[in-house]
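Dropping the structures in below, format is structure tokens.
What follows is a pair of complexes built around subunit A, which joins subunit B in one and subunit C in the other.
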Partner chain A sequence: MSVMNHRSRPGGAARGARTARQRSVRRRKINAVVFALPALLLLGALVGYPIVFAVVRSLFDASGEHFAGLDNYTEMFGDPATLKAIRNTAIWIAVAPALLTGLGLMLAVLTEKIRWATAFKVLIFMPMAISFLAAGITFRLVYEQDPQRGVLNAVAVGAHDAFTDASPYPGARTRGSQVLEAQKGGGYRTARPVRPGDSLTLGLVGLKPTALPATAAQAKTASAAAGAVTGTVFLDFVPGGGGRPDAVDARERGLPQMTVELVRDQQVVGHAATGPDGTFRFDAVPDGSYTVRLPAANFAEPYGGVSWLGPALITPAIIGAYLWIWTGFAMVLIGAGLSSLPREVLEAARIDGAGEWQIFRRITVPLLGPVMTVVFVTLLINVMKVFDLVYIIAPGPVQQDANVLALQMWLVSFGGGNNQGLGSAIGVVLLLLVVPVMVLNIRRFRRSQT
Partner chain B sequence: MTTQHTAPVGAAPRTTAAPPAARRPVRLTSRLTAFLGKGLVQALLVVVALVWLVPTFGLFVSSLRPSTDNATTGWWTALAHPGGLGFSNYSSILADSGITHAFWNTVLISVPTTMAVVVLASLAGYAFAWLEFPGRDVIFLLVVAMLVVPVQIGLLPVAKLFGALGIFGSLTGVILFHVAYGLPFAIFLLRNYFADIPREMLEAARMDGGSEWLIFRRLILPVAKPAIASLSIFQFLWVWNDMLVALIFADSGSQPLTVALQSQMRQFGSNIDVLAPGAFLSLVVPLIVFFAFQRHFVQGVMAGSVK
Partner chain C sequence: MKRIVAATAVVLGLTMTATACGGGQDKTAAQDGKQELKGQSLTVAAVWTGVEQQNFKKVLDAFSAKTGAKTSFISTGDNVSTVVGSKIEGGNAPDVVMVPQVGVVQQFARKGWLRPLSPAARTAAAANFAKVWQDYGTVDSAFYGLYFKASNKSTVWYSPKALADAGATVPKSYEEMITTASAVTDSGLPGFSVAGEAGWPLTDWFENIYLSQAGPQNYDKLAQHKMPWTDPTVVKALSTLGALFAKDQLISGGRKGALETDFPESVEQVFGKQPKAGMVYEGDFVSGLISGDLHKNVGEDAKFFPFPAVTGGTAPVVGGGDAAVALKAGKNQEAAMKFIEYLATPEAAAVWAKAGGFLSPNQKLDIANYTDDTTRQTAKSLVDAGETVRFDMSDQAPAAFGGTQGSGEWKILQDFLRDPSSPKNTAQVLETAALKAYKG
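Take a look at the complex of A and B:
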């Protein structure tokens, strides 16, 4: 534009225009500096310089006085806490992004045909807006061990008890007498061989009288009968004291609903259950030597749910909370990609008789490839840096079991470790992990500019 | 569903030769399976929705219960007799000056940070898009590279720097750190948005003798409103929800709500009457922002999927 101006004007005016143009170019350069400088200064001082500083600092020891070469980096793999953090971060990287992308794809496809899709998407996306702290507190409540308080274990126990009867006598034991002995794997069995015609008195203690079922009645010594094994299982304890061990006394009650097994040569040959007075009976028992046992199921502790916040499950539990937060992100992005798919292609496939699954596998997923890659890579970067959620959800004693690199970096440099050399090295490793994505971003940007 | 319906209709002309009696059952069964399939999908999605809703709902109910109830029974038992629920936990944490102070700190950190990021990034974004200066393209590539730099790398060095400057532990320090780590994405987003503004528009304004500042204010900023809105919301929530940066750079006087609450996590279980309403207090603002500016927020997140 200005070139044309310059040509159209004669002599002195042209020179005037040129200096004016030069002036305006110079002014624009000054402007550029004024416009860009504040941001660039801040970036240089708080992002650029720290990177250089951290790299240099990672080559020095904890005190910062002695050059340590790559010692901090080798120490990362020698120090058990950091090694655990590296392993857990690897688990996060391997599991979370793939799971989330899959979940997002599934929900995006399923919601496509639902009328209340928008409400659903808003609900699933909502956790994206809240802090990891609030989400962490929320999930500490969800994962609470006590089924009376943690909703997940309440559900687990409810489901468990719906399929398995609760055991009637947790904690019951023998008096250490000669009649019953503990057997491997729990439960009790008779110490001496039993023959048809015997009547047994199997006394147990260790139960509060109030813990007995309401049906429990005064225990009765079972009458012996030829060709039958009979007996009584009872609470061998008289409230207030007195009473003989291994004998049925007045005011001692039977233990009803107890499972009793008759065993011959390691084979269970008979089942019985005790009545309200504690008696049981096996009829028509062929002659021979037997053992009577009270299987462990009678004495099992009640099912207490899953130990979500214990050392074994803590990382999967935290990943669960992370899924709750990020699924909406994956779903919305993939959903946007889905709605921009060429409808004609899908319709054409349908007309040609392709099934829904075939269309999904052969057309939808390949076309969604680029969107899914973006989702996956974004999650990958975020997963590497996960900190708050682990810090909040893992209770103090299992924090080490849940440790991840970003948390370990904090622990080592600020949270008591006070080893800034190692802390810097972990920071540098976190940076190195994202370098491929950095290169990818730059490439993508340059391609978009040409 | 609509797409599924159109398929048989579209396919109908091909099968006109078949007798109607033969066609009917086929269409009935396919309709039936479609109906059942849809029912199954709906049921599955309802379950998923419940799974997503229950944790937050549980937190909310817990926040309304007395601490003695929370210590002994689950929140769901309160649903049977909701008369025992009340806002007394809220009034007691709102009477706690430590919590209210922390809440104001959260506001005092997130609002200035958001404003600073928007102002600095739009200025820089304009310079990168429309002004020429030496090294512009290389510097911009550096900014692109900074998009994914984890904050962890900056924590230690910047803590030392702030210590030397005497702003470690102050609101200023927390804000500066947030601004610096918010800038790369903000500049990237706005520069790309500005660059899409037609060149003729800008040249015309320059011909008219408008100064760069005037062009920036009167032309660029109004056009870029949607991008700036998305960026502001995204940035605001990011800082509002932060815990890590404040955990390091704030002291007890400048700590935001997230840090004040995390210090209570050690006694988790006995202080749900503080943590649950506290967590709700911290998430109610993001939720309001989310529901009020849903579209902008989603767009911001989608644009931010390079970060």
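Take a look at the complex of A and C:
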């Protein structure tokens, strides 16, 4: 109808066609808007509005009533906890995505070459099906210090103890006595010079009576002998109390198999081991001034394993848990890229006499470039918002050592800080960090579409 | 049909008690018989879950039976203020909330959410409670909170066997306690288990020492942050605490091990199958873990002594508790006030006391109502402390300072446990954190 009207107007067909085209363009635009509207509304409500609100909120104080300008931002960069979080987030960004992509590539190439590849892939991919919460709780146990509970330390301690003998009396010590004094680097030595003909009573405490070897018998005061240094090493403790310090009492037992050293001028001149009643004896000792030593090897604490959850190792430990979860993702994506590689190129290279390593370096990796970028960028974004693993795995005392931006944002806003202004400011910084990566991602999308 | 029979039975029962009661109680009992709140309902919110929730419901049931009001219970989980806040905004506020922290009572009152308690509740509180408990329920000289349930956080739990093996005696002073710990350590069992992985037991350690050493007046000032943490009294208390922490061998696993020990574990280290320590400090609720999780007999396998006095001071009693407050937004104001008045009576306290796991700050409650001797002792020491009881300081502070995992006082005292060499620096760090938290 309208077209007819246009045609009847003066000005000719060309102009009519142009307006018609304009109209159809406009109609298409309207259609596009109508179709996009629900999505736009949703995006606006769920993404756009929160971003704007967070930016505005970050300019207000904790109560949300007073305008604070950039105070939250200055406070944030002056707060050691946030700085630590920024540092840790940087470590995560630097380490985790690259490591995961590399690991994924390695596993993808390897699974190409083995039988049972599917089973292997399923196994590696399985952790993806576990929630971060459950994975976090599992790894908290895996990293536990006590080898009875933490499987990693059980392995570490087992391996260590297979090569080193345990010391017979871990934790034994003096009762702050006058006879023995602690020496540097562990162990004890006599406080006063010892001469041949002396008899020593060397009392130790801090051992459970049940921890003594079965051979341990009632301690005896060693009889002094001319030209000999003698003595008793014993557990200076009567069950139920009542013993005299530095004296052998009834029901006090000797400490057998204790290494005793006789030292003169920093030189060890004699070794002895104690008997079941705790006595030891150095015979034919030339006259002079000596020191008797109980070397540290007697008392070394049992190896307690690695402190995974300590302040030093906590971030690497959590990154380890993260690797466990995400390796499957990287492997499967890169594996898919690998299987779609043009076989001819690889075969041509083989015919030309290229080695496997050369093929991998010069052909497979460059051809897989785009897929690896996808994996890398996805993980990069993912790593920036890592929260749950850190929150769950890090124990209270080291939480700040493991802190990352996303966790700090939550802690400051809801986890006790109750300062949503500061929290929003951290959120904005996090957003600014993600934006360049997003831009990169979108550009890449566009390029791959054209 | 069944319900009618049950209701009749209840009414009959009440009439019988009313008749049996006689004496001064007669008049109120007769009123109760009328079931003055019949047809009204009452919603009570509290942090309790599990056994505590069941036992509190017994109190609610007793109130229902007495007044005829229908009662319901909401568990808020740990974050009372958030849950209650959202319920008020949603137009679905409970009538009465049992608030576990002094700080939160103040927060609610200052937001204008609370209705001051009735003169009757005030009179009952004045008659039945030490003034200090009333004060903790008072904000800006209006009485809002009635402390119904209390805890005694000045109890040191020990294994009698460990002390006997070491020939050690129950200490009477802080210094003696360290001697005892040394004796137990000499016997091959570390003296103390310290739950350093959780931060709050460390704050409780500090609070007991501070209350004993610096006295209640200073304690109040510090709790309200009217005195800086850099005050010499704080440094002194930290040094006293540090003197214990510095002796690595007295602590199970050493300082490093303590930082990896959470609260249930610390109790298990003393009362578990393979004891790793002789004593553990924490509040009366330790007994619940001992008898519940570890299946030991409290009073036989596990005993406690009151946290001993530090030289120059008196024995501290640090407490905690849940205060009943009435919300303005609640729909059943009358029932809410009557319920809080009921909670002020020894009668209400007796209901839960008989069920166990409960201490009441109510002085009129006959301690015979408690189920075992150990509870009786903890209750007695709490009530006997009278005006010198002080509420847990970290619970009075803003959450950012006194109640957050991994930051504030918890974290700083954990750092102090790791390296107790400089109480002065620690005090300085505490003050910096406190300034920030009290400002916000």
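Note that the second predicted complex is superposed on the first by the 284 of 450 C-alpha atoms of A that agree within 3 Å, B and C clash if a C-alpha of one lies under 4 Å from a C-alpha of the other, contacts with A are read in each partner's own complex, and residues count from 1 in each chain.
Operating definition for what follows: contacts are C-beta pairs under 8 Å (C-beta built on N, C-alpha and C of every residue); 3 or more make two chains touch, one makes a residue touch a chain.
Being a predicted model, the structure only gives us computed values, none of them experimental.
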Checklist entry - Touch check for A:G396: first (subunit B), second (subunit C), both, or neither? => result both
Item to check | Which superposed partner A:P170 touches (first subunit B, second subunit C, both, neither) | outcome: neither
Item to check | Partner, of subunit C and subunit B, that touches more residues belonging to subunit A | outcome: B
Next on the checklist: With both complexes overlaid on chain A, does A:V375 touch subunit B (first), subunit C (second), both or neither?
Outcome noted: first
Checklist entry - After lining up the shared chain so the two structures overlap, which partner does A:A54 touch, if you call subunit B first and subunit C second: first, second, both or neither? => result first
Checklist entry - Does the superposition put A:A211 against subunit B (first), subunit C (second), both, or neither? => result second
Next on the checklist: Looking at A:G197 after the superposition, I want to know if it touches subunit B, subunit C, both of them or none. Which is it: first, second, both, neither?
Outcome noted: neither
Checklist entry - Same subunit A residues contacting subunit B and subunit C, which ones? => result 395-396
Checklist outcome for this item: Residue positions on subunit C within touch of subunit A in the complex are 164-168, 183, 185-189, 196-199, 249, 256-257, 259-260, 262, 398-400, 403-408, 410-411, 414-415, 418, 440
Item to check | subunit A partner contacts - residues on subunit B that touch it in the complex | outcome: 1, 3-4, 6-7, 10-11, 38, 41-42, 44-45, 48-49, 51-56, 58-59, 62, 70, 72-76, 120-121, 123-124, 126-128, 131-133, 136, 139, 141-161, 176-177, 179-181, 183-184, 187, 203, 207, 212-213, 216, 237, 240-244, 247-248, 258, 261-262, 265-266, 268-269, 272, 275-276, 278-280, 282-283, 286-287, 289-290, 294, 297-298, 301-302, 305-307
Next on the checklist: Which stretch or stretches of subunit A touch subunit C in the complex?
Outcome noted: 62, 81, 145-146, 171, 173, 175, 205-209, 211, 237-242, 307, 309-310, 394-397, 399-400, 403, 411, 415-419
Next on the checklist: Per the contact definition, I'd like the list of subunit A residues that touch subunit B in the complex.
Outcome noted: 1, 25, 27-29, 31-33, 35-36, 38-40, 42-43, 45-51, 53-54, 57, 107, 110-111, 113-114, 120, 122-134, 137-142, 144, 148-151, 154, 324, 329, 332-333, 336, 343, 346-347, 350-351, 374-375, 378, 381, 384-385, 387-388, 391-392, 395-396, 406, 409-410, 413-414, 420, 423-424, 426-428, 430-431, 434, 437-438, 441-442, 445-446
